[in-house]
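I'd like to ask some things about the structure below.
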Amino acid sequence: MSRFRVGILGATGAVGQKFIHLLHSHPWFEIAALGASERSAGKRYADAVNWIEPVRIPESIASMTVQACDPALMPDLDLVFSGLDAGVATEIEASYARAGIPVISNAKNYRMDPTVPLLVPEVNPTHTALIRRQSFDPSGKGFIVTNPNCVAVPLAMALRPLHDAYGVEAAVVTTLQSVSGAGYPGVASLDILGNVIPFIGGEEPKIAEEPRKLLSVLEDDGRLNWPEITIQATATRVPTIEGHLLTVVAKLTRQPASIEEVRELFRSFENPVARYDLPSAPKHPILLMEDDRHPQPRRHAYLENGMTVSVGRLRMSSVFDLAFVALGHNTVRGAAGVAILNAELLVAQGFLRR
Amino acid sequence: MSRFRVGILGATGAVGQKFIHLLHSHPWFEIAALGASERSAGKRYADAVNWIEPVRIPESIASMTVQACDPALMPDLDLVFSGLDAGVATEIEASYARAGIPVISNAKNYRMDPTVPLLVPEVNPTHTALIRRQSFDPSGKGFIVTNPNCVAVPLAMALRPLHDAYGVEAAVVTTLQSVSGAGYPGVASLDILGNVIPFIGGEEPKIAEEPRKLLSVLEDDGRLNWPEITIQATATRVPTIEGHLLTVVAKLTRQPASIEEVRELFRSFENPVARYDLPSAPKHPILLMEDDRHPQPRRHAYLENGMTVSVGRLRMSSVFDLAFVALGHNTVRGAAGVAILNAELLVAQGFLRR
Amino acid sequence: MSRFRVGILGATGAVGQKFIHLLHSHPWFEIAALGASERSAGKRYADAVNWIEPVRIPESIASMTVQACDPALMPDLDLVFSGLDAGVATEIEASYARAGIPVISNAKNYRMDPTVPLLVPEVNPTHTALIRRQSFDPSGKGFIVTNPNCVAVPLAMALRPLHDAYGVEAAVVTTLQSVSGAGYPGVASLDILGNVIPFIGGEEPKIAEEPRKLLSVLEDDGRLNWPEITIQATATRVPTIEGHLLTVVAKLTRQPASIEEVRELFRSFENPVARYDLPSAPKHPILLMEDDRHPQPRRHAYLENGMTVSVGRLRMSSVFDLAFVALGHNTVRGAAGVAILNAELLVAQGFLRR
Amino acid sequence: MSRFRVGILGATGAVGQKFIHLLHSHPWFEIAALGASERSAGKRYADAVNWIEPVRIPESIASMTVQACDPALMPDLDLVFSGLDAGVATEIEASYARAGIPVISNAKNYRMDPTVPLLVPEVNPTHTALIRRQSFDPSGKGFIVTNPNCVAVPLAMALRPLHDAYGVEAAVVTTLQSVSGAGYPGVASLDILGNVIPFIGGEEPKIAEEPRKLLSVLEDDGRLNWPEITIQATATRVPTIEGHLLTVVAKLTRQPASIEEVRELFRSFENPVARYDLPSAPKHPILLMEDDRHPQPRRHAYLENGMTVSVGRLRMSSVFDLAFVALGHNTVRGAAGVAILNAELLVAQGFLRR
């Protein structure tokens, strides 16, 4: 089959660059348009971008002309990926959806809209049904799907099997987040070299809220029923490049019979979308590590091209019930990679068609 | 008055170097002997040491001859500071105490001995009374006093006012510890540059246990009554040089009326040893910071020569009752500096005499 | 005597903060005014600044009101220190000089003006005579004195004794510069963590040119006679916080008799301004290190409060004549510290008076 | 064809791990034996190794049994790759060569032996003829081939076209070397975090000498004629993980007509072994970068799987003739990767047969 023609909005930003890196040889998607701010519009992509990915700009992309983010300028697109800043995403993403172009967005703007799926394929693949309740495009062709915050993704993935087996009531989370999570230029080197910043603006409320929407039950009436889970987060920035590490202590409704039972739960996690054989799906969405010193951002964030969430240090807790650490690649599994996986799921489920 | 003649055991190690740096111009103490392993004994100190402090070796120390750690070789000492490795501290420290030389130790070996004070002057200054129950030296002259683990110090200092005001029942703690905490050579650069290691061997049990001894009540019978506090710790290593940062969520017996009340509690913390005017005592043992981005290891670990514990991000918690972060300089406030402050307290209380 | 009343221009920037840190308890100078951009004018200093120094803002400074950089708003100043950006320094600094207020500037704008001293007290203290040729203020009271670029300072200091003894004809220099040299926010952490950037915009021409003006001979006609020294520089940025390290290979006119002779030359360097006993002058402006692994930025940049230039790895070169490395604290010895030392020299020489 | 059966000596070390990572799915070579010290012999590889590569241990390797480094214990090998420490390599490598097993070594021990090729395929592919002069194995089957030091590789590669076109007479080199170059545990994090060490023991003589052997002319009598090139090196360690950066200023016999001519020389570099189509050969052994800020270790060391040497900042020099920077991946292009490429060349040239 011919590939879907995709546009990338916010193509010169850090997330946009990651989209290009991950998509430029994708079997299902073909980059057909690059959208950025007016300042970049009209330039060759290679001239408009301050390329920071550790590979060279794909040659076919380097010579493309950047366009303004206007659906009228990008005819014949099957979908767009959005790496837009929150400051402009609300209007632009809606304009594409209204124009009949599905938007797979990494921006936060529509994440809490009750008709917009906040999607991680391994966590809540059925939430795509919410799309039918959207009103952007009466024809039903244009819609918006979002992925969660870069911490919420690995947190929800690690909580999914625990919640199903035991019920999660509360979690105390500390994050050690890498500098790539702040975009570019992002964190000043003078602030973070040999240092820790014990606060990331706007991050903790997302970590507290988004996993709850992800773990919601889709009711028969098409609405989400949110679980009662209380999450207390302290988000810190540490001098790592890629990969967000989380320490988690979780309170459960039912007690595990043993720590070995919980280990087996993670080891035997059944990926609900495994049957679709999606191109970007990792073989191990969750990987349990036995070495106490693992997982580590620099060594394990890139496992399976950055799509694996590693879980380690699993142990019973003296305060709550269970303690562990989790690691996810923030710009892949927590941003561009999960967005692409979401798009692949939408193809498999028939929401994306040509 | 003439100064106390002090020896430093483990003088070539990282803690020993910090002792020298902090003591070489101390108003009460005069470095009179340097003890190290047989390998170093007989050498000039400057030749025996791989000096890593960011100042030059004090000239008067550089030319001293290193001795083996044997009290018979070091007559006329009034006390020794021990930065010995745990592998050798048990025997050597006891030999000094038996020889009538008080030992102010940073080693872990005697911390849990019920007759040995685990001491932080601002937390439990009366625990020095335990010394009278020791049996190392029938004359009562020689004894051992220890300071806690480098995380337990700032944690106990931050919990002290909370426990007094509200009762602490439990705490979930994540530590972000600097590489200097592992000594020298310590952590391999290949392991920690741009990375986090989510485990530090032997650290978490100390964090769980030592604050409880520190917060114990000294009963009339001379024994310690330990409080029921459950601490769940996850200890991580991050690429910082000095300063351990802690994120803490605490469960309290009584609820604070408001977060402002807790703020005021920290701001008005009354230092129980302030009246002694000890030379190494900081003006602010606990410093409350209002900027969400503070405290930070590289910027605040050295406040008041590394003796201040900074507390920040104070807020009510949705899971337990109170959340905050704390920062302490691990090799000063958490090791050599607190040991020296302990010795100063012992002078003020009359336990150290010439 | 009462202290000189000084203003700090660019007081909220990185260099301005360093000025405040170094001056707030200075024996000769008293901070009487803080100048910054219109955006900050009228605010309390503590509210206007993003304070990045690793100490707390001095309390007396925190509550001062920031003013616009206009001499009319700052009456009764004896001099100003300028940490202004190059984009605004030309006009503002001239306005102060014209108003009769001497300007001790770290900005590059007037460094190459033939009537403006480019000054490092230990290198060219007599160049202050150029002041008399300035025409900013006909009364002679207002003038401008500049200090060199942060690399040119330690380079010129290390070349000074070599040039006097042997004649320096050429030098090949590679710099390893810390991130604080780029100001704040400066270098993005994503660009420099675990990385090297082999280029610093605008830096290499300054390194090639400024040491020549510093090593010029002041002729009887009051003009500078520049030496023929060719400097080839490659300036790189490395992930260090403070301290610029230089590797240098130098071609000499006359050959040293031995490397020991050169060692002795550095060891016996005679500070031409030693007799003034300036408050900020280090005991060792140049310190020769014998350990091959020294000097190191993190361990030695702060020697003598950051005013010492360390020289190490001194050896004969197979290509040119002499090879060595040098280290200077870029924001102290290479910026605010040398500017203050310059002002102290101007007091000692009688150029600054009340 | 069936694959060559290869052994890896020093399999648990840092270079050995890189050999395994690069070889475990190699089209021509199959890992058939793992050799290490007596301490590891008899253990499962996964139990013997402290695995530090940022991928998981290949499953087929994890369960292999480590053997002592004795050719009698490893029958049926076609060749061995040696990542042995210099302290043991002389004897062990000779024992394999004498037993008729070719040794492709990264150790320094035999690099200067006049009968042992010091080989980089793109630089001196004909030097393999030296093998015929070796006397380890009278049958001619066993021999030793070495690769250069990790700095000498990119330096010689960058000098090759310059030497051919203009004649290189001298070079002043400063290296900024990553911590992986020191093996594991290697550099202590306390020594290098936020720091530079201006010395690497034993490194500078290799950088001065090895490129000369690499650029030698193989005379008709089978001996190497070394060129007169004087190299002055200052080797520094910086806090990067992988990739050694070099700044180079070169004196040439003949002057380039223009810098554009030199640019074109690098762009049109003709790889002398391109015709063999070796599996590990990069498409661009030398890649010229135009952006002044490039190449950078973290962003460009891994280009073409770490086998590309990047050259940038090419410009005429005011002191000598030409200045540039070069970057090579030290553990791939400068160690395990070049060794494998050497073995591939030996297959293509018929020196390695089954």
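General observations
In order of appearance the chains are A, B, C and D, and numbering begins at 1 in each one.
Throughout what follows, a contact is a pair of C-beta atoms (placed from the backbone, for glycine too) under 8 Å apart; a residue touches a chain by one contact, two chains touch by 3 or more.
All values derive from a computational prediction rather than experimental measurement.
Taken together, subunit B and subunit C share the touching chains A, D. More C-beta pairs touch across one of B-D and C-D than the other; that pair is C-D. Separation between the centroids of subunit C and subunit D, computed from CA atoms only, is 43 Å. Centroids built from CA atoms put subunit D at 40 Å from subunit A. Subunit B and subunit D have CA centres that are 48 Å apart. The residues of subunit A that reach two or more other chains are 52, 193-194, 239-241, 298-299, listed in rising order. Contact residues on subunit A toward subunit C in their complex (touch as defined above): 14, 52, 179-180, 184-194, 239-241. Touching subunit B in their complex are the following residues of subunit C: 52-56, 193-194, 241, 298-300, 302-303.
Within the complex, the subunit B residues that touch subunit A are 170-172, 174, 176, 193-199, 201, 208, 230-232, 234, 236, 238-241, 245, 247, 249, 251, 292-299, 312-313, 317-320, 323, 325.
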